[in-house]
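Please go over the structures that come below.
There are two complexes below, and they share chain A, which is joined by chain B in the first and by chain C in the second.
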Partner chain A sequence: MLTLRNLAVNYGAVPAIHDVSAEFEAGTVNFIVGPNGAGKSTLLLTIAGALRPRMGSISFRGKTISGMNPEDVASQGCSLVPEGRQVFSRLTINENLRLGSIAGRRKGGSSADTEEVLSLFPILRERYSQAAGTLSGGEQQQLSIARALLTRPELLLIDEPSLGLAPLVVDGVYEILRKLKNDSLTMIIVEQQATRVRNNGDTVTVVRDGHVAFSSKVSTISDYSELEKAYFGFS
Partner chain B sequence: MKNNRFVSSIPGDTWLLPSALAIPLGVVAVGVQYFGPPTIAVTVTEIYIRLVAALAIYMFSSNTGIISYGHVAFMGIGAYASAWQTCCVMMKPITMHGLPAFLKTANFPVVPSAIAAGVLAAVVALVASLVIMRLNSIAAAIATFALLFIFQSVYGHWDSVTMGVSTMIGLPQYVTPVHVWIWVAIAILVAFILQNSSIGLMLRASRDEHTAARACGARILKYRVIAFTISAFFAGIAGVMLGHRIGTISVATFHLDLTFLLLAMVVVGGLRSLSGVVLGVIIVSVIMEVLRLFQGGVSIGGQIVSLPAGSVQIGIALVMILVLRFRPDGIAKGLEFDVKRWLGRSSDEVALRRSDSGSSAAE
Partner chain C sequence: MSYFLQSIVDGASLGSIYALIALAIGFVFGILRLINFTQSDYITYCAYALIIPSTAAMPALFIGAWPAALMVISVLLIGVVLALLTERFAFRAIRDAEPEILLISSFATSYLLQHILMAVYSTRPKSVSIGNWLGEPVAFAGLRVPLIQLVTLGVTGAALIALVAMLRYTEFGIKIRAAAENYRMARLLGVRANAVIAGCFAISGLIGGAVSLLLVAQTGSLDILMGVSPVIIAFFATVIGGMGSLMGAVLGGFLVGMVSQLLQAYLPGEAREFRDAFLFAFTILVLIARPNGLIASSAIGQRT
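This part shows the complex of A and B:
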């Protein structure tokens, strides 16, 4: 579904990612893990069109999307849930969701989608005329995911869904992600820790110092020490 | 239709807000035009003209978060365009011999001319915005400022068409309080529809989180161009009204003084709500008129009290400093009037629709 070929991305003159190739299949949950500053978020932002690759290509369902604007990537069906729960804090929850559904309607969505999404996130229905900034961290994360879902994505890019959230709240977020997996939505989840990989992921890719240090199907990993080594850079 | 509750942002009730803003202003307009003294009618007309101009700035700046210093240029463009169509048939072939033939002897009806003038301002804005709106925040604001100077330079030197820096006299003085009020009401309605439309929503989202908005599929450049063009139309109309109120125009009218006066009004009221802009224009105008009265000298108990020249400007500056110190989000604090509560109904949605949740740091 999504293929990265020899991708290299710079922040100015500083290389953040060099020579990353990867393949993500439809209907799978794919984790990208790695230490702070490894280039995970950069990779995700590049797929979403927010950063331009210096070299290499990204193809989504056979179509090259590298170099496209974020809005065009979104209209291709590739939706980003940005790091740090970027909800539009001054807009109401209703307006936040409308933003997603406007994009979704271009792809044949309807108001029934909003109902369906709200049934996944009952807390949002209760507060839909409240400013999004008044929600708690976990609720904002839910809103952020709900908004992305309303764009009717085929691929959901989720940047650190557990960042700054209490473990119990993170459990709730992953509960929702599992439901989405059951609806066979393809996901790429960036996380700093690999703790959620075993129970939630189909594949895992360890990114370290801007390149792929380890990559495997979760089902074939018998010994996690190899992943750990890749993560910490022992060899 | 139950589902629509969650996606539609203009449920029937919220139309209360534009009505609540426009109708009292209309009552005042009718009152002063038919029953009030002429001096008050003139003051109200001038306040309403500023209100149309301030609403034009609001349409663009509140949605995009980009302050526009260039809207007064569109007022000028509108005023001149209307003058070319309606003014001084005898003089035009001599003083403005560079005008195209159909305008040189033209004496078109005033209302269609006003609309055509607004459209010209909008077209200029459309072309300019294709360049300017690619910039962000401060850079975009400075580019709108540059637009004002380009206007000044072009209209100030285009002698054969604008009479250069000379004053053009003899515009038909048809503007009454009720006439301007109609434009005020239209501007309030358009501003309201724009901010609640998907275009306004996406622009407001991009104001806070640019990347996230684009990831939602928001085509920011396109929407900014649309908002700028619509707002320039209303700035053009305000310029037309101004010209036809006084009956004379010159490029000097449409420069820094008016720009900063309008921005002061918008800042005092608060750029984040429609109610704020209306309040700001009225409050600053009233303070201005009172100070102007005292500047001219007022007899109190046989004693003539008069303030020194320049008191008006100092007064406005003081008000602005006080507001920025104590109510940085403006007098309305970014909230709208709670119309439902006034009507004795439960208030939930209207009042705090666009409430700031203490996160204004995102600016």
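This part shows the complex of A and C:
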């Protein structure tokens, strides 16, 4: 579904990613883990069109999307739930969701989708006309995911869904992601820790210092020490 | 007492013009972090479109001679087209550059437009008579107020309400507010940057046209620099109100207009000449007390 070929990206003048190649299949949940500053967020932003790769290419459902504008990537069916949620805090929850459906509508969606998505997030319906800035961190994370779902994505990119949330709240977020997986949505989830990989992931990729240090199907990992070595840079 | 009230009405009328220009500047700044000084040229070009190109001091009317409705629509349209042209050819290519570069480009474009106008019309100020009947005083709440001031208040009031309603209730308005808060995130959700930015420029051009007509009707004269001073003062108004906050821009505009008129009315005769110096001192005082302006915006500073 998504293929990265020899991708290199600079963040400002600093090389953040070099020579990353990877393949993500439809209907799978893929984890990208790595220490702080490894280039994980840069990778997701590049796939979503917010950053331009210096070299290499990205193809999504057989179509080259590297070099496209973020709004065009969104209407191709690839949506990002960014690090730190980034809800529009001064807009109401309803308005945040309406923004999500703009790209979705271009793909032929309708307001029926909003109902369907809201059924996953009852709390958002309760607070429909409240400013998004008044929501708790966990609720903002739900809003951010709901908003991305309304773009009718085939591929959902999720950047550190557990960042700054209490463990119990994170459980709730992953509960929702599991439901989405059952609807066979393809996901790439970036996390700093690999703790949730075993129970939720189909594949795991370790990114370190801007390149792929380890990559495997979760089902074939018998010993996690190899992943840990790659993560910490021992070889 | 009635002198004071008279000054208040004058101040509100002047302030409403500043508020409108401040809003135009705010629309573009909110998304692009561009302080658009070509806003002054939208005003000037719309005003000069009223006359037939010539260097005469009493030029013949061109669009200004058309029936009122047609004249208003044409002038507004010229404002919109000019604003869209500056967006397309001066700013789009460098949209992602640093705010300083955008600012320099806006100065350069503004000077270029000014000099084109000078080449065609010369720098000599011109007098035009459009809507003379608007200068007639009418009785209003025990005061005698020139009709044009009431028209100005009415027009800007209606425009402010229309713009706020547009921002609050239309999908385009939601897109603008979202892009102003987080430009990149809005694009990631499929908001078309070109469409939203062009839309904001179109609105600022429309405002430029409206302000231009109000100014010409008030002063009856044309000047190459006629747009510059209101735009600079309106820019102070946006700074006082809080860069990036549209409500702040409106508030700042009225405040600056009011202070300016009260200074005009109550400064001793020999100090009146330096009214603008007092106005700028007032701006500095406000900023010392509230460095982020009256309504601080979280979206200030770098575009995210």
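Keep this in mind: the second predicted complex is superposed on the first by the 235 of 235 C-alpha atoms of A that agree within 3 Å, B and C clash if a C-alpha of one lies under 4 Å from a C-alpha of the other, contacts with A are read in each partner's own complex, and residues count from 1 in each chain.
We adopt the following convention: a residue touches a chain if its C-beta (ideal position, glycine included) is under 8 Å from a C-beta of that chain, and two chains touch if they have at least 3 such contacts.
No experiment lies behind these values; they were computed from the predicted model shown.
A.B. asks: Once both complexes are superposed via chain A, do chain B and chain C end up clashing or fitting?
C.D. replies: Verdict on chain A: clash between chain B and chain C.
A.B. asks: Using the touch definition from the top, say if A:N69 reaches chain B (first), chain C (second), both or neither.
C.D. replies: both
A.B. asks: In the superposed arrangement, which partner chain does A:S59 touch: chain B (first), chain C (second), both, or neither?
C.D. replies: A:S59: touches no partner chain.
A.B. asks: Name the contact category of A:S129: first (chain B only), second (chain C only), both, or neither.
C.D. replies: Only chain B; A:S129 stays clear of chain C.
A.B. asks: Under the stated touch criterion, name the partner, chain B or chain C, that contacts more residues in chain A.
C.D. replies: B
A.B. asks: If you stack the two complexes on chain A, which partner ends up touching A:S215: first (chain B), second (chain C), both, or neither?
C.D. replies: In the superposition, A:S215 touches no partner, neither chain B nor chain C.
A.B. asks: Which partner does A:L97 contact after superposing on A: first (chain B), second (chain C), both, neither?
C.D. replies: first
A.B. asks: In the superposed arrangement, which partner chain does A:T114 touch: chain B (first), chain C (second), both, or neither?
C.D. replies: A:T114: touches chain B, not chain C.
A.B. asks: Per the contact definition in the header, classify A:N200: touching chain B only (first), chain C only (second), both, or neither.
C.D. replies: A:N200 contacts neither chain B nor chain C.
A.B. asks: Which chain A residues come up in both lists, the one for chain B and the one for chain C?
C.D. replies: 48-50, 69-71, 74-75, 79-80, 82, 86, 88-91, 95, 98-100, 102-103, 106, 147-148, 151
A.B. asks: What part of chain B is in contact with chain A in the complex they form?
C.D. replies: Spelled out, the residues of chain B in touch with chain A are 3-4, 6-7, 9, 198, 201-202, 204-205, 208-209, 211-220, 348-349, 352-360, 362.
A.B. asks: Within the complex, which stretch of chain C touches chain A?
C.D. replies: Contacts found on chain C: 171, 174-175, 177-178, 181-182, 184-193, 298.
A.B. asks: Which residues of chain A touch chain C once you look at their complex with the stated criterion?
C.D. replies: Answer in residue numbers: 48-50, 69-71, 74-75, 79-80, 82, 86, 88-91, 95, 98-100, 102-104, 106, 147-148, 151.
A.B. asks: Considering the complex alone, what residue numbers of chain A touch chain B?
C.D. replies: 45, 48-50, 69-71, 73-75, 79-80, 82, 86-92, 94-103, 106, 111-112, 114-115, 118, 125, 128-129, 131-134, 147-148, 151
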